[in-house]
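What follows is a pair of complexes built around subunit A, which joins subunit B in one and subunit C in the other.
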Partner chain A sequence: MTVQSTDEAPPLPHVQRLFAVLADHRVLVSIVALALLPWLLPSKALAVNVLIYGVVVMGYNLLFGYTGLLSFGHAAFFGTGAYLAGIAIGRWGLPWFAAVPLAVACSTILGAVIGTISTRTRGIYFSMVTLALAQLVYYVALQASSFTGGENGLRGFTVDHINLLGVQLNFLDPLNKYYVLMAFAAVAIWVQSRILNSPFGAVIEAIRENEQRARACGYDVERCKLIVFMLSGAISAIGGCMSALHLSIVPLDILHYQTSGMIVMMVLLGGARSFFGPFIGAASFLILEDVVSLWTPHWQIVVGAIFVAFVLFLPKGIWGTFLDVLPIARERR
Partner chain B sequence: MDLSLIIMQLFSGIALGAVLVITALGLTIVFGMLGVVNFAHGALFMIGAYAGLYLASLTGSFWWGLLLAPVLVGAFGMLIEFVLVRRLYGRSIDDPLLLTFGLSYILVEGVRIVFGSDGIPFPTPSQLVGVVDLGVGFFPKYRLFVIALVAVVLVVLWLMLEKTRVGLIVRAGARDPMIMRVLGVDIGKVWLAIFGLGVGLAALGGVLAGPMRSVNPEMGTLVLAEAFVVTVIGGLGSIVGAVVAGLMVGICISMVALFAPEMATIVMFALMAAVLLVRPQGLFGLKGRA
Partner chain C sequence: MPRRDTKLRRTGVSRRTALMGMSAGLASLAMPRLGRAADDTIRIGFPTPLTGPFAAEARDQVKCAELAVKLVNDKGGVAGRKVELLVRDDKLNAGEAATRTLELIEKDKVHAVVGALSSAVQLAVNEVTRARSVIYVSISQSDTINEAKDFSKYTFHEALNPHMTTGAVARQTMKKGMKVAHLVADYAYGHEMLRGFKRAQGTIGAETVGEILHPFGAADYSTFMPRLMSLRPDVLCISNFGRDQANAIKQAVDFGIKQQMKIVVPVILHNQRLAVGPDVFEGVVGGANYYWGLETQNKTAAEFNAAFRAANGGAIPTDYGAYGYSGVGSLLQAMQAAGGTDTDKVIAALEALKYDLTKGPQQYRKCDHQSVQSVLVLESKKKSAMANDNDLFAIVASDAGTEDLLRSCSELGHPT
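For the complex of A and B:
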């Protein structure tokens, strides 16, 4: 499904072909790019963060970019994934490979609950309701302090080594940690690609483009929205589990509305509606934060201003604009 | 549990609700007219509180702060509409929302640079310190004043919207801006004024809340969520809805605080979820908009 560029500039056949190949093998391309990341970025810590936020933002993009539902409460899934993985390992003594699926499953159920309420509404209402319900999750985590550690965050679950088919991997070594977490990311990327390539993926894009028409075509729009809400929450929860394994603590801030906002900013910076956009957005946001915080503690004012400029002048984000400017085959959506 | 305690708590809830009403009203009027949800509303509420505090200390009187802060912050809101929001009319409905969200980052960080990150106490004006005995219990004077002032503002707003020519233009413009343009009304100016009014109401809410809450750069976050809950319950764009839902939420919060303090912040979200399950468009909202 390669869309031909309609620009008057002469097409570049070889570049066009290259991008078509990249789009066809987008899972492989993403994984290779991520595998090289620790050597491309100044620090391993930054690379791990790009990996984690990349997965969270990718899950969010399924909802926002592909289905057109602007949720402002995605921190609820990122945070719930992290909290449940931490609680399962630290309190219930589960091994990490059992804790992660459990956390993702529970986050999907949370997605069903929040999704049922919020997908009853449309447009701006939806944004407000998701924000309010995510704040509810935040206050529940704050109040249930005997379970979640309240304001101090969740502590006391360190995974220091991982048993991989009989081989003991030292999980505290940054590179080992990066590649183990990358395996989670690879699964998430593959799942996302499969969802988007499926008929269901086409239906959610149809809902984004014209909800009335999708309904007229006989699709159960409400149910599709609910399912995509749950899937999106599940993928973002994988990112949450990765964050918990990485940090060995879960700060309460992970559930805060600012985290939801950061996710929204990242996806817009990179380019919504595209497969590579979320990772590019997460990387640019985190690098920007790193660079700006070197010369001012008030990095948020710079990030906010850049974000406003993007909304005004580059609403398609870095990757979307790049694809528009070059007269090449559009990336497979 | 004796009756006077419950009555006093009810009264506190009304005072809290009054501030919510004023704040949510600003949000809902801007939405009703411009179709813009202002995500910087909480940040502008916070700036209103800081402006009130600063102006009060500059002039030595709370009353100047109360009078000037909404006017100045409202003018600042008009500047925001003129420079930023105006460019996005006619684009996707999400764009103004995202823009104002980015703006809230800039505003909060800007306040941190000027006033620091720590909270500042906002003293209650000396004339309003103390309590009044109303027969059933002792009520703080300041909260009585807040309720009275909000009631006056509501009446003035209602008279303005329902009984004046300007109000007629505003109501007609909300229904059909195109026709208003055809009739020769400069709808751009009306939108500018409405955005300024909405922001001014946020700032008024901020000044009034100052002595009841602590003043800090983050205070806008909870307020934004509260204002959203109130507008969603009442129905987006409905003024009556904002008033009813604001009081309902305020009373609900303080009544629950009496019996189960740890549930106080959570209850309003539960209330919102319950209303949405029955009426997705809110209590007084129009069906097409939900």
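For the complex of A and C:
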């Protein structure tokens, strides 16, 4: 990807011109792709999960893929979003459309707190600090059992009907549910695209590439890191709200560090630094788990082996590798 | 023709290329839908933790549930329809279990769900089935699921509950004035067992001298043992499950605790006793829903054992396995009585059902759908007293199944 070769772009073949147009509308194209998902996957519940984890991983990718900050505690935002949405609906009696923004706002504040502490460190120390603070959130949820249900998880906030401009939608119907939740995902995708297209998006990528140089250019690196941490947490919290609405429960496992690990695995599998990679990663991981565990109780061996193979042979993930291969194919033509 | 600055052009390329393969990516996601059974089949969903620390118990449950289905199918099915069991791995994770249950209901169109093996998981399954009006027979110990807050008219609790097992064990092992110490796994199961023991102690008049919580899945209990010994209790109650139970008892024995006090557990697990051996478990007393040795005194148990042996190469059924058999079996009997799978009729049939599948008469109490059943109290035999490798326990008591074993409906918050 050198910059010198841009003065005279060769005329593109038709197919590639089409893709170039599609690329200019990545939000729309991503949404259309996701809209087809329920018909492509073996079950609607799986499709909803791909949507949810796709959004969570996308939020994480903003931090990890685009800014280069490897957080090990992203489950904190996923879980906080889910818990607060559930508590707001079940305990405070708020309607879902008020509960979701509230949950996202609180998660952003949590992002500010965790971000302020953790972005003072770098490298492995950053990862460890985020992990420790996320575990803190886990234990708060475990101990505050009168609020969160503790070990048994949060229950009692089933949303079975949604009032959309006067039309009563049966939210228990899997397809209705999918498309309502897809609206949340669409907002998250649009926000992410706006962030990445803005000058701020360029700055965080500059920080990833060379922090010293970004600082030398006059950017306030610390503040940018904090802001991206908050934005990343907010987007992941949208995924958390979707999960709460989807399952009608919030299991305590959602805050466990294994969930954070799963988010990292998904982003590596799909390909960090790519816009649609998180969804590909979430889909591949969940489909593998879902399908293989139907065949054998030893699914962990199969999924683990495949993951190792990907890390060894496709370090840029499925989508990242795909994107790498494409320009070569174009040059050969 | 550069219409953008170089920075945006760079993202433009990656964006374009990102979309190039979208169709290919989606094509790779597409996969043949897994086949669904013919529509007149009765389908029962069975989420259970085939992976994770309770995998041994889960595998036994699957074997027994399959046996219950096979026996019914051999006799021509339920109301002339074949029965199919759809086993799913819930990975001992409540979120996963809820997703699997949603799949079973939405995609596989199951007529009922049986299963789950931990408190959090069964409450998750309960929430999903309740919202969708699907019958659920829970086969894991829980007190919460019977309480009015979590009650669902679609949910039946076939397993014993902590109140029942701790009560039976305490009545057998404790006397007025005894000192009792508790080692408790710090999660819902442990807390419910502790609550049950303390309640029973209150009636008996035994005094609690200490409670120590340990994290779920702890491998090392050595730090707790000196503290427990310093409390000088007469009885030590170890309230944990699965491998935790085996590890905790093993280390208690290493510390010589048995010479000082009696070790009791709310539920004594067949598989953990097999895993650790007779020397460690010798003399440990615990409650159980089932033990194969019941066959000498109970005709139903003998029949159940015989059927299980025939289907599994001479192996014997375990305690948690028996839940799989009685959970699925009672549901199928109710469906037979209701003449099909109509939800309201099956609920009415389950409420009216008197069944005897593994160990004597059982029935579901109407107010909270808890199965009223006998509770066994078992003592682990020493090696020299064992007649063969499967002769693990002596049955020291069998409390007959009456409502006295349960908390009252009004106490659980149900309208009476």
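In this text, the second predicted complex is superposed on the first by the 313 of 333 C-alpha atoms of A that agree within 3 Å, B and C clash if a C-alpha of one lies under 4 Å from a C-alpha of the other, contacts with A are read in each partner's own complex, and residues count from 1 in each chain.
Convention: a residue touches a chain if its C-beta (ideal position, glycine included) is under 8 Å from a C-beta of that chain, and two chains touch if they have at least 3 such contacts.
Being a predicted model, the structure only gives us computed values, none of them experimental.
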Check: Clash or fit: what happens to subunit B and subunit C when subunit A is overlaid?
Finding: clash
Next item on the list: Pick one for A:A33: touches subunit B only (first), subunit C only (second), both, or neither.
Entry: second
Next item on the list: Go through the superposed model and pick first if A:G150 touches only subunit B, second if only subunit C, both, or neither.
Entry: second
Check: Now for A:L136: first (subunit B), second (subunit C), both, or neither, which partner does it touch?
Finding: first
Checklist line | Of subunit B and subunit C, the chain that contacts the larger number of subunit A residues | finding: C
Notebook entry, point to check: Who does A:V221 touch here: subunit B (first), subunit C (second), both, or neither?
Noted result: neither
Next item on the list: Could you look at A:Q300 and tell me whether it touches subunit B, subunit C, both or neither (first, second, both, neither)?
Entry: both
Checklist line | First (subunit B), second (subunit C), both or neither touched by A:M266 | finding: neither
Notebook entry, point to check: Between 63-71, 81-89, 117-125 or 171-179, which subunit B stretch has C-alpha clashes with subunit C?
Noted result: 117-125
Item checked: Residues of subunit A at both interfaces, subunit B in one complex, subunit C in the other -> 300
Checklist line | Parts of subunit B lying in touch with subunit A, wherever the complex brings them together | finding: 31, 37, 84, 87-88, 91-95, 97-99, 101-106, 108-110, 112-113, 221, 224-225, 228-229, 231-232, 236, 262-263, 265-266, 269-270, 272-273, 276-277, 280-281, 289-290
Checklist line | Partner subunit C, residues of subunit A touching it in the complex | finding: 1, 3, 6-7, 9, 16, 19-20, 22-24, 26, 29, 33, 36-37, 40-46, 49, 150-153, 155-156, 158, 160, 172, 174, 196-197, 202, 243, 247-249, 251-254, 274-276, 280, 283, 287, 291, 293-294, 297, 299-300, 318-319, 322-323, 326-327
Next item on the list: Would you tell me which residues of subunit A are touching subunit B in their complex?
Entry: 70, 72, 117, 120-125, 127-129, 131-133, 135-136, 139-140, 143, 257-258, 261, 264-265, 268, 298, 300-301, 303-305, 307-308, 311-312, 315
Note to self: Give the list of subunit C residues in touch with subunit A in this complex.
What the structure shows: 1-2, 6-22, 24-26, 29-31, 33-34, 50-51, 55, 59, 88-89, 91, 93-95, 98-100, 102-103, 106-107, 119-120, 123-124, 127-128, 130-132, 144, 149-150, 187-188, 191
